[in-house]
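In the two assemblies presented below, chain A is common to both, partnered first by chain B and then by chain C.
What follows is the complex of A and B.
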């Protein structure tokens, strides 16, 4: 059958540059949809021949939103190269930084990028579908969102010396003791932060009832899920085994993060700089899986903090097994924000956080190091091979967004088929439906800078092509 | 008067660091104020708006390839000035700060000439250019304080 293709170019309110192609059949119905990432950086390549000790600082530059994740994964790979366990104070500093980073990143995704869709509607006029439109419509919620992100960034600044790209953590631990004087400042933020997330949850949960078509048709499909799992079954973001589960809730495998490459692989495609990850035993595409807030909530037995546990129990009522609706990433993200604040509160009540020593010193003891942690968007792996002088001979980064790549594509295609259905000759998709295409992507809060290790903003282009492959039309949007 | 000076730019993009280097040379002018805070920002984000609370005035300093000389001009709140992606312009920061965080003070944008924004971290503009720009800003600050 001949097909035509539509391309949405550029996707807005996400991190990076991307476009969506829609292929139409002869009846001008949606035949398929593809999400393309159009930027490239190549950190894995230019890190070769760099000393392993430099890697956390270099890797923090992969991303301005989640530099802490890259610093932690890189530092942990360095720990393995040294053959040391960092002192408890260092681990607790790293954990606290990760909680703060997930909080600020989720606040950015939910309040700044996705709440215009949720609060103003998918069909709101495009000029009004942005952060600044919330100034009139939802000023209190907007203020709270900005303050939440500010809180997360402040904790990072207190730990690492600056909000973005701190490099206080490295192989063996961190570079300095965390002063106890910072405890009071962090503590003072907690009540407001908890209140803000509670208000966001109370606003979001009833709103979801009005998004039933989106919940059911914007990335609602069975898939595998992958996340870090603790022995206790509680949500875990720093250490633990890697668990992979199917949509029936059955655990397919538990494995050590150090051996992730035995279980997970990536495949490249000719139309995108972003690779797609899959679970090796099932191959591609059957072995594709989802990571991030939805996967973490599906895999954990409990949150491990009281408020988040209450929300998690309610979240679980939405499905008989794992929750498969991608739109509910938003809800999972807000629940995780609540959990992060509770974890931060617990962390600063732990005297060991302020203790010493903060670094275990050793020389190079291994030729390969792997580090992993839960980044805001999902599980992150760094793997380095070094020569006898500690210079990198190979770097491999497995990024959350590339692990969600196949799922993002499936969500875009499902959205296009349900909401756009067809494009008449000379016509174009309705603006609200184009926004739904983008919103399907935004559910995953993709960071394309990370996933291609590429730099840039994330405006989207949509193009559509005819059965003969000829471009029929396109729409480009700025970085709204 | 309580003044917040925000220098904007990446220290890894050549002359984009000129604002930071210029503002660093202006610190002595802070002596005339009740309080001056200096904030170094890679780029402007909504969170910066929250930090304007409690100040009477704000001075943004930024490298500008379109400026042939140091220009200091008033800037006012405008929620429609730019859409949020990675960063927002000063007028959007002011819109958020006014509507959400109670900042109703005056604001200026100082544009410092710059030309080379290539990757790398060379010293920004020449030392003479930075001294000149710093003198202009310091002079402006003293007028403001008086």
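What follows is the complex of A and C.
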């Protein structure tokens, strides 16, 4: 049988490089599907022999969308190496930066990457299912999304001096006091931001009814969930214990982030550069879990801010117990955006944010440091081991997307089985169904560059194989 | 004291007896690139970036070492000089491991700003990527050999201003490197007073204050001029 490659389009609405392969049985029905991540960056390796003080700056280069997460996890690992608790003002600055980053990253995922699918339809022809078509169809909504990102980025700039890769935070705290004069500017953004997210919510919620098949068949499965949990039960993004819960809502474990490696492990596969994380006691694959907005909303008892709490109560009604539908990551993300704006509003009313001191000074007091925080896509862990002078001997990064790896694979497989079902000889999946494969991945807003250190842009390629493992056909999108 | 009058880049400039072309040019506000020369320290003529053309001489001269003379006609900015300086900066960049984005002095680095001024937008040589070490044994300071360009400012500041002579150069050619005492870890040095003059004079991020985030360390070697002036005027005694 001839192998056929059809270049369909240039679609890159995921962050990084990926390929999907479908295996067919004798009847040419989908047997299984695998999500491969195809490039490698290697931060864990090339950070060896560098000083721990440089880690926030180096590690932030893992990602241009969520650098703050890496800076915070890295700074917190540095705090532990110094053996200090940063002053309250430093912690509050870091928290504010994290809220701003989750807001801008979620806005990117929802408005820029996923809204063409949601607002223009999964089956819309590719030329009509992109940002430019959306700009024609929904100029106000898209502009609001861009402004929300701008707001988040501006808060980061005010704190750290620049929007991407600011270097104001490091081991012990942050580098300077946050001027009170910035409060007014942030405050002025709040009403518009709240209005924009409310509009997005009002658009999204009724739309979900028309995506019933996708909600039910695009990554709808029971799994474990993992997120940072606060003692109060409110949504927590910076500090707290790590909670793991099953799909019945039972808490399996609460552990300190400093000991994450006792509870979580990663397995490598030969067909992807992205490792897959699992909960050790249940092993792989039973112990695979989901992180990110859905996991956080499932695990928290309440949001802790009035508007988000109302939305969370409504969100809870979508399931008895934890919500398991991957498609609802989108809704969870928008609810989190609302929560982030409320948190930013609360933060700037706290006089301690503008206080001093902002850094705890100490020299190296420990040989191992672990830092964790909630990144937009889920819980992030950095673990460093250093020699007696503070040069790294080992770095271990446990990234949100690699924790979602198994779930993404399951979502892709479920989507392929339900929507594509089979590929006749000489045929190819319908364009809308191929888009659904990508959309299943997009639910998780994966940051493949973060999780594998892949470089640059790459097309999403789908290949299908016969029972003998022979390549039957492929579609490459955006081959540059 | 006699005064000489000379021409630099078409401008008439005066220089005191014994003053170098570099000093005379700087007094007149004429910029000549340099990485090793610092006012107040001896000049080793190591970096060769301040090379200038002197009318009637068929060799380029280092402005930091050549004394100004009466009637001299000096050109500091020609296309040949510019090309040579660009080449030197590229060689420096290819020789070490210079990663500006995560460097403590990003935005304040003399090598970086010189590269920008000379339009060094890429390096024509294959980088050596040498396997160099970092000495973090000192309580407050770090020495990253990856970023060192061997200008020896630190060695001269330590010897000539502080009088400790903790720092020196060991090895030859491309194995040359800055050492502390007898090539011991800096933290073990008995002669180091911990004054930090070396860190402040270093033009790159090779010498740095520990625990400073990237791009957060400003340096200024102008303090040496102040120390020397204060000693001369005896304002501290």
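Here is the rule we use: the second predicted complex is superposed on the first by the 465 of 480 C-alpha atoms of A that agree within 3 Å, B and C clash if a C-alpha of one lies under 4 Å from a C-alpha of the other, contacts with A are read in each partner's own complex, and residues count from 1 in each chain.
Throughout what follows, a residue touches a chain if its C-beta (ideal position, glycine included) is under 8 Å from a C-beta of that chain, and two chains touch if they have at least 3 such contacts.
Keep in mind that this is a model prediction, so the values were computed, not measured.
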Exercise. Answer with first, second, both or neither: which of chain B and chain C does A:132 touch in the superposed model?
Key: first
Exercise. Could you say whether A:389 touches chain B, chain C, both of them, or neither, answering first, second, both or neither?
Key: second
Quiz item: Touch check for A:49: first (chain B), second (chain C), both, or neither?
Solution: second
Quiz prompt | Partner chain in contact with A:153 - chain B first, chain C second, else both or neither | solution = first
Exercise. Examine A:241 and indicate which partner it touches, taking first as chain B and second as chain C; both and neither are also allowed.
Key: neither
Self-check item: Partner chain(s) touched by A:64 [first = chain B, second = chain C, both, neither]
Solution: first
Quiz item: Who does A:164 touch here: chain B (first), chain C (second), both, or neither?
Solution: first
Quiz prompt | chain B versus chain C as contact partner of A:417, first or second or both or neither | solution = neither
Self-check item: Overlapping contact positions on chain A, where the chain C interface meets the chain B interface
Solution: none
Quiz item: Residues of chain C touching chain A in their complex?
Solution: 101-102, 104, 133-137, 139, 142, 144, 185, 187, 210-216
Quiz prompt | Residues on chain B engaged by chain A in the complex (per definition of touch) | solution = 42, 46-47, 49-51, 79-80, 83-86, 92, 95-96, 99-101
Practice problem: Spell out the part of chain A that touches chain C in their complex, as residue ranges. | Solution: 49-51, 53-54, 56-58, 61, 82, 165, 167-172, 175, 361, 363, 389-391
Exercise. Spell out the residues on chain A that touch chain B in their complex, using ranges where they run on.
Key: 12-13, 15, 64, 112-113, 130-132, 135, 139, 142-143, 146-147, 149-150, 153, 164, 457-459, 478-480
